[in-house]
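Worksheet: the structure to be examined is printed underneath.
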Amino acid sequence: MKRIAVYPGTFDPVTKGHEALVLKALPLFDEIIIAIGHNSKKQTYFPIEKRKAWLETIFSNYPQVKIDTFDGLTVNYCKEKNARFILRGLRNPTDFEYEGNIAQANSTLNPEIETVFLISNPGLSIVSSSIVREIHRHGGDISQFIPSGIIIE
Amino acid sequence: MKRIAVYPGTFDPVTKGHEALVLKALPLFDEIIIAIGHNSKKQTYFPIEKRKAWLETIFSNYPQVKIDTFDGLTVNYCKEKNARFILRGLRNPTDFEYEGNIAQANSTLNPEIETVFLISNPGLSIVSSSIVREIHRHGGDISQFIPSGIIIE
Amino acid sequence: MKRIAVYPGTFDPVTKGHEALVLKALPLFDEIIIAIGHNSKKQTYFPIEKRKAWLETIFSNYPQVKIDTFDGLTVNYCKEKNARFILRGLRNPTDFEYEGNIAQANSTLNPEIETVFLISNPGLSIVSSSIVREIHRHGGDISQFIPSGIIIE
Amino acid sequence: MKRIAVYPGTFDPVTKGHEALVLKALPLFDEIIIAIGHNSKKQTYFPIEKRKAWLETIFSNYPQVKIDTFDGLTVNYCKEKNARFILRGLRNPTDFEYEGNIAQANSTLNPEIETVFLISNPGLSIVSSSIVREIHRHGGDISQFIPSGIIIE
Amino acid sequence: MKRIAVYPGTFDPVTKGHEALVLKALPLFDEIIIAIGHNSKKQTYFPIEKRKAWLETIFSNYPQVKIDTFDGLTVNYCKEKNARFILRGLRNPTDFEYEGNIAQANSTLNPEIETVFLISNPGLSIVSSSIVREIHRHGGDISQFIPSGIIIE
Amino acid sequence: MKRIAVYPGTFDPVTKGHEALVLKALPLFDEIIIAIGHNSKKQTYFPIEKRKAWLETIFSNYPQVKIDTFDGLTVNYCKEKNARFILRGLRNPTDFEYEGNIAQANSTLNPEIETVFLISNPGLSIVSSSIVREIHRHGGDISQFIPSGIIIE
């Protein structure tokens, strides 16, 4: 049976940390679906079309990686895609608490879906989308924090 | 390529938490090697023969699960076994800090080996070997904390 | 002197964790007042009437437990009710930091009021109102997370 | 029914933090038993006789407070003393993780015993016995960290 | 070369904790610029004119301390002021995670600027502006939490 | 008045993290004394002569940096050296709790001495002496974790 993982997130914007996580997870899964959670009520910084396009550019050479958008519960989306695994990165202990609670809630909603955590590379552990947004908002240079293949203006 | 994971630990003694973790990891790997770290200088509470025997009993019906002992660096043992993954459980934020540092050190020693974390089941998050030892040492009943298939006297 | 505790919160909605906490605290106090903090400016997910009715249903067989609403400072409400204790649950270290600061601020405002903490049952530690709301918002089944005596549609 | 709490610890030595915790807990219980855990195999810094005598001096004017020693499991000692509550202080998040696990293990061993946590006073949150020992070992002045009624030489 | 530090913050309102931090940092720097971050889009509780005036009153006898406002990136403001240091206080582990990430991001944006952390005095560790605002909003007495030289109505 | 800092530690062995911390602190102080805590009762992994020699080699080109050994309380050693500052690095939240308590105890023992914290560089946050010792003990290659100018066999 094919091992499929869903990597859900907002990717607002995608960071070097997200990119590294997917590359680290490649040997573990047969297919990784990067799934941009879409919630028409929540305002995001960058439009979903741009976020999707950036991810498609970054992983264009990896047929094993798909880019998609979804709304609703992550576990329902996983079921629809026959994905038994949710992929998430951990950068620090606070991440762990939040992510752990979400993972356990998902596991209660659907016990057949397991969340798999990889740890961020040390040098990338500071790169969070919210810090990148904050720098961008103030006109700072975010190029050091985002994947080298894309341009965010 | 076969996906082989090493699950290193002391298992002094094995707990329900360890058992649940391996069962949750089964769909993710083709083979899981439970590897009891053996250090002749460090004193353990239960002898290594017993710890190995308990694990063999618990997983006797799972041909996918092997039990072994090792000494030396975990990454060297992984290489010897052609294992590209280290499996570890996370129960709480302090676990995360410790495990995260070990994972990053291992990744520096051998960048081809990735540590994969699963989160403990909520009801089992309290079960640590050190608490079980403490209860046992004081003559308390540890049966609620260890896998049902084994007897620890 | 009667030992009265105020258990303040938003209960938006009440969870199995809240229910278990009150039941655990019953032997400790002569009276527990579950006090729904009411702030006309803050938007909640469920209306206060519903939140109050759910709590009344759950604890209808416990004359020792009262349900009330309040606005203003918790310590002032406690004084008005002759309550010397504030009851709060702790699920994880992040809870502790936040709750600890609030407890110390309350203790500075009124040194005669003590905050008493009980720890969540391990199996319930994931149940937070915010996760329950998130699942409900996406149309998921929240029945496993809320007390069995009530129905939240 | 009398509300009896056991406050277990090593008190090696007793600190201002321990003293403040008992005083804060007085309104909550009819009796508080400060129980010095005694383990003939574990080496302590101060002999148990001294530790017991210091506690007896500090609380000599509080008939509600008893001083005792015990070995074995805390929950067994509680049962023997008809104590339904274990009292513990929390200073910081790391305390919480450790104490929380112990509390949940105790609650598994005897579901009728509840651990009650009070938070340390902000100004006393640094005072740990291990830091006091370290200062004493190096010949520093520990008088600011220990209750005013006793002398530790 | 003059050692100049920027102490950036919102100071909404200034607390005893902020005041103590600057006084503790005085021996370390030749000049400390308290810089109120100004963001016309973010709503604050107190107007910037009041926040600036309070700080000016508190430090009126310290010529080494300047009060200023700024918008944009902190590292850019530092460069403009020839400040090589950012001063920040740490109250607890959660502070540390947040502050640490910001410090590392700033250090990536400008490697010549170093963030220097001092730890809050134990008795002041609870004093956060957000708790002070919450008490003020409910009509509570905040005088114990703010510097003695100013009046906040 | 000269700004002198003591950087106390065991340095068993010195790591790239220690080296980076001192280099980052250079602009802040007129003199930094790296002080190896010496306790004849505590067993270390490497002898103190080697630890001192490694530090002397690493900082031989920095006249502003002195290497020394000391026993007794850190605050007493600081006073003897006319140092008003203690320098420490922070890698993660657990570091913070431990270091914060020590800093507050030192500040109680001598209110004129302030502890100054710098944060570890992200890529170096995993490098702890205890992990380096563990790798060395098992015959692993530690060269990636220690300063480039020294050889540890």
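Lettered A, B, C, D, E and F in written order, each chain numbered from 1.
Basically, contacts are C-beta pairs under 8 Å (C-beta built on N, C-alpha and C of every residue); 3 or more make two chains touch, one makes a residue touch a chain.
For clarity, every value in this text was computed on a predicted model and none was experimentally measured.
When chain centres are defined as mean Cα coordinates, B lies farthest from chain E. A centroid comparison over C-alpha atoms places C as the chain most distant from chain F.
Per-chain Cα centroids separate chain B from chain E by 46 Å. Here the CA centre of chain A is 34 Å from the CA centre of chain C. Each of the following residues of chain B touches two or more other chains: 92-94, 97, 100, 104, 122, 126.
The touching residues of chain C, when paired with chain D in their complex, are 3, 24-25, 27-28, 84-85, 90, 92-94, 96-97, 100, 103-104, 107, 114-119, 121-122. Within the complex, the chain C residues that touch chain E are 71-73, 75-76, 93-94, 97, 100-102, 104-105, 108-109.
Touching chain B in their complex are the following residues of chain F: 92-94, 126, 128, 131, 135, 138-141, 144-145.
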